[in-house]
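What follows is a pair of complexes built around subunit A, which joins subunit B in one and subunit C in the other.
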Partner chain A sequence: MERLKNLFSGLKWWKWAVLLIMPYVILMGFLVPLGQGITSITPGSTATGANINFRISAYNSQFSPDKSNTAWLKYHDLHLPAKLVKVLSPQEAEVIFDIPVLPDKSVKFADLSLIINTPEGPAVLPSAVSLRNIALDSTTIINEVWSDNKLNINKEANFNYPFRNLMAETIRNIYFHVPLWFAMTFVFMFSVFYSIRYLRKKDINDDQKALSLIAAGMLFGILGCITGAMWAKYTWGQYWSFDVKQNMAAISLLIYSGYFLLRKSLSDPDAKSRIGNIYSIFAFCMLIPLIFIIPRRYDSLHPGNGGNPALGADDLDNTMRTVFYPAVIAYICLGFWLAELNYRIIKIKNKIESHETYSK
Partner chain B sequence: MLSQIVSLVKKDFTTEFKSQERIAGVILYLFSTILVLYYSLVKVERFLWVSIFWILLIFLSINALNSSFSKEIRTRHWYYYSLVHPLAVYFSKLIFNFIWLFVLTTLSILIFKVFFDVPPLRFGLFAVTLISSTLGIACIFTFISLISGKSSDQSTVMSVLATPLIFPIMMAGSRLMMNAFGLLSDTDYSADFLSIIAIDIVAIGLSILLFPILWRD
Partner chain C sequence: MKPILNEYFIMLFQADFLRSIGKIYVVAIVSLIVWFGVAWYLLRLERKLKDVENQIKSFKS
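What follows is the complex of A and B.
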């Protein structure tokens, strides 16, 4: 017990933050279920005038026949209610629509989204059905109309993450992949601060702090690359898609590995720290266009580039924010903790070395 | 300081032209690479032209600017240090590197013209791209060659450190050049051009700040 007390007594507040938030992030990240989502719909296309029976299968859903379920087809602001929602099993249902002509006659083809509204909350499949908008002959009479009234959708009943068709369960990676990059940038920024301080004051401790911060940042960068590659495999199909952000990340890691190579290649310890710190300042400033300017100019598969929405309401709803923002803080603090441990290891190594040289 | 810079640049050119094996080496490298490209590619379209030109430019700059500091003996640095302002040394090296790299790229474009005759559609944009990107490359190489000059294995350190650093210039520059060849549907080049200029300015500014510290050995 005494030992345990000693173990925790010296911890600064930001280490407590890591100890408290990291388990929260991991538990919440892996245990909170996804909301319900529609995975497939057949048939995928139809024409106006049809009385059509869509069969849908859903993920994480709890359809039941004795609850009130409603469904709509949606085209921009217009929507069309379903005549009937027939529940087959908790994950399967049939939705029946009578489809009238769209008010805008000039539209030949329209991508309709499907919304299902259950007591647990809504589920949406974007671009579910493609509709051929053709004029009807006088014999087919459809009573339903496209309307633009406000939809009456139930609130999300459970605490869960949004279901996105492309990502499905991998949406949890946002708590690991994105904060790693945030933390890397932050840690590198602080390393530049220590580098500048070293060049001004020539205190060897500052140099070692900068070195250990860069090592921690490199670790985060490599982990960010790996988590990103895993995510890319699932969502984009390949581990490495030659996306501009992936390339820029790889290049910034190359630039910083040059720092370690440079330190290894210099033999004089004074020159090692001086030139190393000069290079790290130069490298960080060259990193700014790589990370912040160039990716904006190119089409990217990442959210926020090339017409894709950024981290907005679509990707990051309020439930996800409750985990995401703490995760960013925890990773930044973890980066500093790792750097501090590394710093202490360097100190001890130097002490042992100098002790050995004196004792000889 | 201006007269110091001018005399240092003059001195650099005279030493460069005195050691003819260095010039001959770079020009031979240029010729043999282009010949290899010519025999392996035969017909070069505009897109391929831009990509091989950039590959050639990168290796050319590694070859030509490799030893801008280390070709002189260490002790001579002491001599300069006592004689002139450190920034004069930096600017003389930068100007020398820039002119030398620009001459070599112009030469390589002329040889390209002989072997693969693909004229750019917008010559003004092409020239401006060439000037701004060689300036950026020269700037980064000047800085890195001083850093790597202090290390034990300087040619490896030089290429490993400099290649990723010139990558942003290469990306924006090759985009601008594709634009000059009419390969892109998006003909707005202001952002690419501004990013090259920004990189040039940041690199020069940082070098001005850091060079005196580095120089004081």
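What follows is the complex of A and C.
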């Protein structure tokens, strides 16, 4: 008991934050289930006038014939209710539609989304069915109409993460990949603070604080690249698809690696710290446009690019926020912890070396 | 015991293992990468600390 007390005594609050929040993030990240989602629909195309049975299979769903299930096909603001939702199994169902002509006759082909509404909540498959919009002959009579009334969709019944088709369970990576970048930026920001303070006051401790913060930030950046590549392989199809944000992140990491090269290549300790710190300030000034501005000006596979700010309601819903923001805090504190350990070791080392030179 | 293990390995090395169960294993790998990265950093610190300790030792003797 005494040993346990010693282990935790004198821990600063941000280290406690790492110790307490990390398990929360891991537990919530892995254990909270995903909401239900539709994974496939057959047939994928149809024409107006058809009375058609779509067979859908779903993920994480609990379809039950005893409960009231409804479904719609949606085209922009218009929607068409299903005549019948026939549940085959908890993960499979048949939805039957009579499809009338779209009001806008000029549309030749329309991408319809499928919405299925169950007591557990809704599930949506975007661009589920491609509809050929052709005029009907007089023999086919369809009573259904496309309407633009408000849909009655049930609220999500459980605490779930949203289901996105391409991502499925990998949406949980938001808690393990994205905070790495947040932490990297934050840690680099503090390194700039210490770099400036070093250049003003010439206190060698500030230089070493900046150095260890940059080392920790680099670790997070490299990990961010690797985890991002892993995630990309199974969602975008390639480890490295030369997406703007991927490239720019790699470039900014290369710029930062120049900081270490510069320090290694200079032998004079004073020049080393001075030039290194000037370089790190410029490196941070490059990081901001490279990661936060340029990718937004171009089409990117990353969410929130091409003009829209990231982390809007489309990318992160409220249930995810309850885990994501603590994760960011925990990662930032972890970065500071790693940097601080490094800094303390460097400091002792310098003390010994100065002592040695003094005693010689 | 053996056949179960066998089946497990077959599952592990099939082409679409990482895509099974909604790609959940991708998340497992990503979190493991983060852990190994941090562990690698800690090991480096460990080595640095060892150097410092040795320096102190040689200094005292």
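As a working rule, the second predicted complex is superposed on the first by the 345 of 360 C-alpha atoms of A that agree within 3 Å, B and C clash if a C-alpha of one lies under 4 Å from a C-alpha of the other, contacts with A are read in each partner's own complex, and residues count from 1 in each chain.
In this text, a contact is a pair of C-beta atoms (placed from the backbone, for glycine too) under 8 Å apart; a residue touches a chain by one contact, two chains touch by 3 or more.
Given the structure is predicted, the values throughout are model-derived calculations rather than measurements.
Peer 1: Does subunit B (first) or subunit C (second) touch A:Y59, or do both, or does neither?
Peer 2: The answer is second: A:Y59 touches subunit C but not subunit B.
Peer 1: Touching A:A283 in the superposition: subunit B (first), subunit C (second), both, neither?
Peer 2: First partner only.
Peer 1: Give the label of whichever partner, subunit B or subunit C, reaches more residues of subunit A.
Peer 2: Counting residues of subunit A touched by each partner, the higher count goes to C.
Peer 1: Would you sort A:P269 into first (subunit B), second (subunit C), both or neither based on which partner it touches?
Peer 2: A:P269: touches no partner chain.
Peer 1: Which partner chains sit in contact with A:P43 here, subunit B, subunit C, both or neither? Use first/second/both/neither.
Peer 2: Once the two structures are laid over each other on A, A:P43 reaches no partner at all.
Peer 1: With the two complexes superposed on chain A, say which partner A:P33 touches: subunit B (first), subunit C (second), both, or neither.
Peer 2: neither
Peer 1: Taking the superposition on A as described, I'd like to know which of subunit B and subunit C A:P90 touches: first, second, both or neither.
Peer 2: Neither partner.
Peer 1: Show me the subunit A residues, by the header's touch rule, that subunit B contacts in one structure and subunit C contacts in the other.
Peer 2: On subunit A, the subunit B and subunit C contacts do not overlap at all.
Peer 1: Any idea which subunit B residues touch subunit A in the complex?
Peer 2: My answer: residues 140, 143, 147-148, 150-153, 156-157, 160-161, 163-165, 167-168, 171-172, 175, 191-192, 195, 198-199, 202-203, 206, 210, 213-214, 217.
Peer 1: Subunit C touches which residues of subunit A in the complex?
Peer 2: Within the complex, subunit A touches subunit C at residues 26, 29-30, 34, 59-60, 167-170, 172-173, 176-177, 180, 216, 219, 222-223, 226-227, 230-231, 233-235, 334, 338, 341-342, 345, 348-349, 352, 355-356.
Peer 1: With touch defined as at the start, can you tell me which subunit C residues reach subunit A in the complex?
Peer 2: Where subunit C meets subunit A, its residues are 18-19, 21-24, 26-27, 29-31, 33-34, 37-38, 41-42, 45, 48-49, 51-52, 55-56, 59.
Peer 1: Within the complex, which stretch of subunit A touches subunit B?
Peer 2: Counting only subunit A, the residues touching subunit B are 199, 251-252, 254-255, 258, 261-262, 265-267, 271, 274-275, 278-279, 281-283, 285-286, 288-290, 293-294, 297.
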